[in-house]
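Going by the order they are written in, the chains are A, B, C and D; count residues from 1 in each one.
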Amino acid sequence: MSESETAAADIEAEETRARETLLEVSNLDAGYGDLQILTDLEMTVGRGEYVTIVGPNGAGKSTAMKSVFGLTSHMGGTVTFDGTDITQMVPEEIIHHGLGYVPQNDNVFSSLTVRENLEMGAYILDEVPEDALQAVFDRFPILERRQEQKAGTMSGGQQQMLAMGRALMLEPKLLLLDEPSAGLAPDLVADMFDRIDDINDAGTAILMVEQNAKEALRRCDRGYVLVNGKNGYVGSGRDLLDDEEVRQRFLGG
Amino acid sequence: MSVRDYLDRLTGTGRADTDAGAPGDGAAGTDLGIVVGLMLAVYVVFVAIGVVLGYDTNGIVNALSQVTFLTAVYALVVLALNLHWGYTGLFNIGVAGFMAVGTYTMAMATAAPDARVPGLGLPIWAGIALGMAAAAVIGLVAALPALRLRADYLAIVTIALAEIIRLTYLSSAVQTFTVFGTQLGTGGGSGIGIEADPDTVVVEFLASVPGLNVLFDAFGSVLSGMGVQQSVINNWYYAFVLLVVVVAYYWLLQRIGHSPFGRVLKSIREDEDVARALGKNTRLFKIKSFMVGCSLMGLAGILWFGSYGFINPNTFLPQVTFFVWIALIIGGAGSNTGGVVGAAMFAAVLFELPRYLASIAGDTGGLPSAPPTFARAVGALFDLEPLAFVAYGIDNIGPLRLVLVGVVLIVLMQRRPEGLLGHRKETAASIGLSRPNRSRETTDATAATDGGEEQ
Amino acid sequence: MSSDTAGSGSAAGDEPTAESDASGADTDAEAPASATGRDDDAGVTATGREADEVGAHIDGTPALAVKNLRKTFGGITAVDGTSFAVEAGKMTGLIGPNGAGKSTTFNLITGFNRPDSGQVLLNGDDITGKQPYEIADRGLVRTFQIARELEEMTVLENMMLGPQHQSGESLWRAVTPGVRSSVKRDEEKVLERVWEMLDFFDIAHLAEEYAGNLSGGQRKLLELARALMTDPDILLLDEPFAGVNPSLENRLLEHVHELREQGYTFLLVEHDIDLIMENCSRVLVLHQGKLLADGEPAEIKADERVIEAYLGGEVE
Amino acid sequence: MGIADNYSRGRRLLVERPGQALAAVVGVLLVLALFADLAAKLGSGALGVGDVVLLAWRGVVNGLVIGLAGVGLSMTYSILNFANFAHGDYITGGAFVGWAVAWLVAGLGEYDIGSLLSLGLGADVYAPQLGTSIFGAPLALLLGLVAAGVGAIAIALLIDKLVYEPMRGQDGIALLIASIGVAFILRYLIVFVWGTSVTSVADEAGGLRPTVGGVTFSFGYHELTLVVCAVVLMVGVHVLLQRTKLGKAMRAMSDNQDLARVTGIPTERVIKWTWIIGAGLAGVAGYLLILEAGTIAYSRGWILLLLIFAAVILGGIGSVYGAIFGGLVIGLADSMSIIWIPSDFTKAAAFALMILILLFRPSGLFAGRTTA
């Protein structure tokens, strides 16, 4: 990255901080069991910001996201969310603080109906939040029409919408998306990204891992390139797309 | 675990990671060392306890023969089971049923036609052969449909089958029956006597072999000089013979394990789909493994329960199966040496030692008489008479011993599911797999360039 | 999955190393020809087949053909009347989104699932509905999407498992005294091939390691090497590069190309469309269980239907 | 599903899996033959209508016990993902605790506490003296019922804490083996405290003997009590699983444990509730079984366990209604098969039925319907 670009990234980062940091990952070392995958990871997401993580296979993108949600073992560093240290919390607690997570595969309860899936999203509340439910139905009308259908019988794209809808039931401040376009037929991919844009426009911050790096960078505010479990590059989506080195090495020219 | 440390010291290795050397060959010495060392340690403990507590010589020698007998018979069944579970990954908890088939068939074949429960009156060797064959056939009947089931379902099917077998032998409907004009019977609930009980037959046979008989006489006279009764000496003879059979089982199963056949079994245990994708007819391999294991269980049943001279259906309760399983898990599934070690640990330490201690305590006295019920024993505790409570415990050592068995099993599953001997690198091949000499130069070169790839 | 060269910090440094690694493998690679028992005709076949490649049509019997293959699972149609052919000695790619039926197609071809209707032909012979072991026996061998190595067996044991009809796989031969010595002799022959193959794939230094201790990429190498030990004609690779880091991916690709030059036929399923386009001479596109397109990479890239339904904005 | 659908499905079954189709046909023919035989026996007078009704009633009573206990086994099987071989001993444990409390309440003040709690072992206290029937000591019996449930729950939660919780990520086989260890501990601790003898603990209560059309039927009051309690509890479980979030969360967990965790379902709490419901039902089932049978022994639950497995597998693991249905089928098969086969073989017949189900329809007759 050239000098000027680094400077631009710095400015971008300044702006983010001005925007008020929602998630802050600092010096994080994490992995599974004894196996360390992330080293010294630094990452921030501002309130309402749209951030993506890209990088080659095995770079630790999904692990980075999982470590935010308490699904990995932490060996060092901290994760702070909205002023609270969530480093040692389990997912069940983290959800209470306004984080939602959509895993990559197998992300619906296939033997439950669509509606029951959504209700499970609000399990920690005493009552099913009717307005949140209605908001999800408004966002994904197909889910309202198919309320009583078993989730397992829906198509891949519909399941992905259901999984997102379930995570939105608690109206999280930050939504974590693990490869939302994975395995979708390409005609559906654009639609999926549009919907993510909509969710972000409504004020929910997004942290997303994507294989489809070009499209993701085109849409996001800011991107992180991970290499070998470490921070590689950071910058606005446009800058990363324009960066010759990043293009060559990670985006296939 | 201290036993583990002890065993480590015996083998001189931590996790028994023998080098690429010939499989079994190099390890055989240390494995024998482990087993012999363990048995000697057990003997020493039993003798020491007996001597310290002032038990008589006959009692001590008898206890040792009992320990040896139990270790041997458990080792036989555990080795057979290890073929199923340790090598092939078949979760068979119907072991007692297959032992029942073997033993009952042998008993029915050898019983005299005019006995209370009539039989075919065949000689013992024919009875043994028929017993093994029958166990294998029942194994085949079970295997044909059931081996494609997942492990927990196979477990339920096998234990249900074992119960069906036991209930069938228990039934009065087959107490005596007639096939092709020949009267046969199982004896129903009252059981069946074993005409040619292996114990007597074997000892008589040994006594008639020239040379051996001299050795046996010498052994016998030394023991009887120490005040040991003839029946105990006979028990020792039979125990020796069983040890020889254990060696034969071990040899056979090591050969199976260390062969391309065993390699396929191992691959089935790890991931059957992979084996299928590599062109192995896994169904056939599983059936073979199951049948061989079942017939070995049948023989083990004959040598074990047959030697008591009498069997009834309740000899083959499901808990017999669980005891065998626990012994296998203690030693570590997948390793034949582990199986023998597990058998010794279970039979000697978990099963026989508490009983031995209780019987010494009972014989030598010193404790108040035991309260008749648990409530009274607890009452005694309140009256500050803890010894009475202890006496109640000793009086009820049977159930307590089984509680201990349960605790050991759970602790093992939690802390050391791979068993005392741990994962052992027993290479499934008939030869050592180190690189044949001629191409050694190239390895070093390639290995050097690729160092970074390891985790 | 841990990535290699954790200390290097920048991925750029890896690439040249990977290249030199691969070329290093090339120089060693005389061995594999004999390792796979094809030393005599490898060169000839390869050039012979190169000549065919110009035609791009399949003359005579295709190595593998499926006709009208159909499979439903509980009312959902996974494969819906697919037909295609794979030419001998070529590398054919199979692409499509998740749920397009790629893995099911693989399972139907290799006997892991039984098709509801349709046919699978191997060198012209009908193998529909045969057991996996019979199909592998006829020279069609698969690998799995997630490398399925036999975890508690060493790399050597994994490799020794490969060859078909080993004399010691018969129980009585394995145990009977006297006969066993012939088993040992056969094992020694297999062992020699195993080491040659390990050298070819540069994993000889891992020989004593339990397969469960290997990294994701090493497992993929082992799985391919083990499949080759069965002496197949056609290899079906299910996402062989998924989760493999870039430098190892290059190495794996080198190996595959080299093997193809020796005359092996490949059918591979991959997510990475660019990788398929660059490396395969023919590409099949599955969509909703049906074959959407079948042609050379250039044709596929230009195919309107494919662009519309599949490649979308990817092609710029 | 239309007839045409059924037809085409049937045809496909015939073509694809001739073995299974054949088994189905043989099964149907067998059932028809059995009914024909039953009709013949009734016609010839070898068997009276009263006898058949009696056997069926016994089958229903046993079936409800099996089903009630089976619900718990089915729930733990699908949510904790292992076959719990200690379930039978939870039944026995609950029964002993419940009856000890029932005796204590019934005989308090008259006999010494130790003798009552040891159910008369080694003392001169007997059920008839205490009058432990629903008419003789209703309060004691009710408290005993509650104690049986609570006792089994306490045992199950303690064991979960000590044994299964540290093993959470391990596979089902490791847990299954550990559960065999648990079974040993429970069973032989019971022997240590209460001995191995078969003790009569419930007093006679008599029963209804209506005569309809010249045939006299017999329904014991304790049997009726059992049926009423079992039905009430089953309805309760139904409501619990249908109407509460907990039921849905249980289904979600048996579906996908990891996803349940990231969705925010408190998985540990759901597991605890699974034990509470499962063990509570097991303990009550054991208590009622003893009430109806009159005698108690340490191996009672263990002997029942395989029949319970049979019921659960028959109904499909994870299906509560399947477990109840399976329990009734197994209970009826166990009791009514005596019409056709020697009584020694009735249990064997039930096991054989289970093996056949596992072989030909391992997902159970209620396939696909998980909890509730």
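Everything that follows uses one rule, which is that a contact is a pair of C-beta atoms (placed from the backbone, for glycine too) under 8 Å apart; a residue touches a chain by one contact, two chains touch by 3 or more.
These numbers come from a predicted model, not from an experiment.
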Task: Quick one: how many steps at least from subunit A to subunit B, stepping chain to touching chain?
output: 2
- prompt: From the centre of subunit B, which chain's CA centre is farthest?
  reply: A
Message: Centroid from C-alpha atoms only, then distance subunit A to subunit D, rounded to Å. What do you get?
response: 47
Query: Distance from the CA centroid of subunit A to that of subunit C, rounded to the nearest Å?
result: 34
Statement: Whole-angstrom distance, CA centroid of subunit B to CA centroid of subunit D, is 34
Query: When the C-alpha atoms of subunit B and subunit C are each averaged to a single point, how far apart are the two points in Å?
result: 45
Task: Two or more other chains in contact with one residue: find those residues in subunit B.
output: 455
Statement: Expected list for subunit C, residues touching two or more other chains, is 2, 5
Sites on subunit A at which at least two other chains make contact: 35
Field: Touch list for subunit C against partner subunit B, complex
entry: 2, 4-5, 21, 24, 28, 31, 110-112, 131-133, 136-137, 141-144, 148-154, 156-157, 160-162, 164, 166-171, 174-175, 180, 183-184, 187-188, 191-192, 194-196, 199, 202-208, 213-215, 217-218, 226-227, 230, 248
Residues of subunit D defined as touching subunit A within the complex: 245, 248-249, 251-252, 254-256, 258-267, 368, 370
- prompt: For subunit A, which residues count as touching subunit C in their complex?
  reply: 35-37, 39, 56-60, 153, 155-156, 182-187, 189-190, 215, 227-230, 232, 245, 249, 252
Query: Any idea which subunit B residues touch subunit D in the complex?
result: 91, 145-146, 149-153, 155-157, 159-161, 163-164, 167-168, 170-173, 322, 325-326, 329, 372-376, 378-379, 396, 398-400, 402-403, 405-410, 413-414, 417
- prompt: Can you name the residues of subunit B that touch subunit C in the complex?
  reply: 20, 252, 255-256, 259-264, 266-267, 270-271, 273-282, 285, 288, 292, 334, 423, 425, 427-431, 433, 435-436, 439, 442-443, 445-447, 449-455
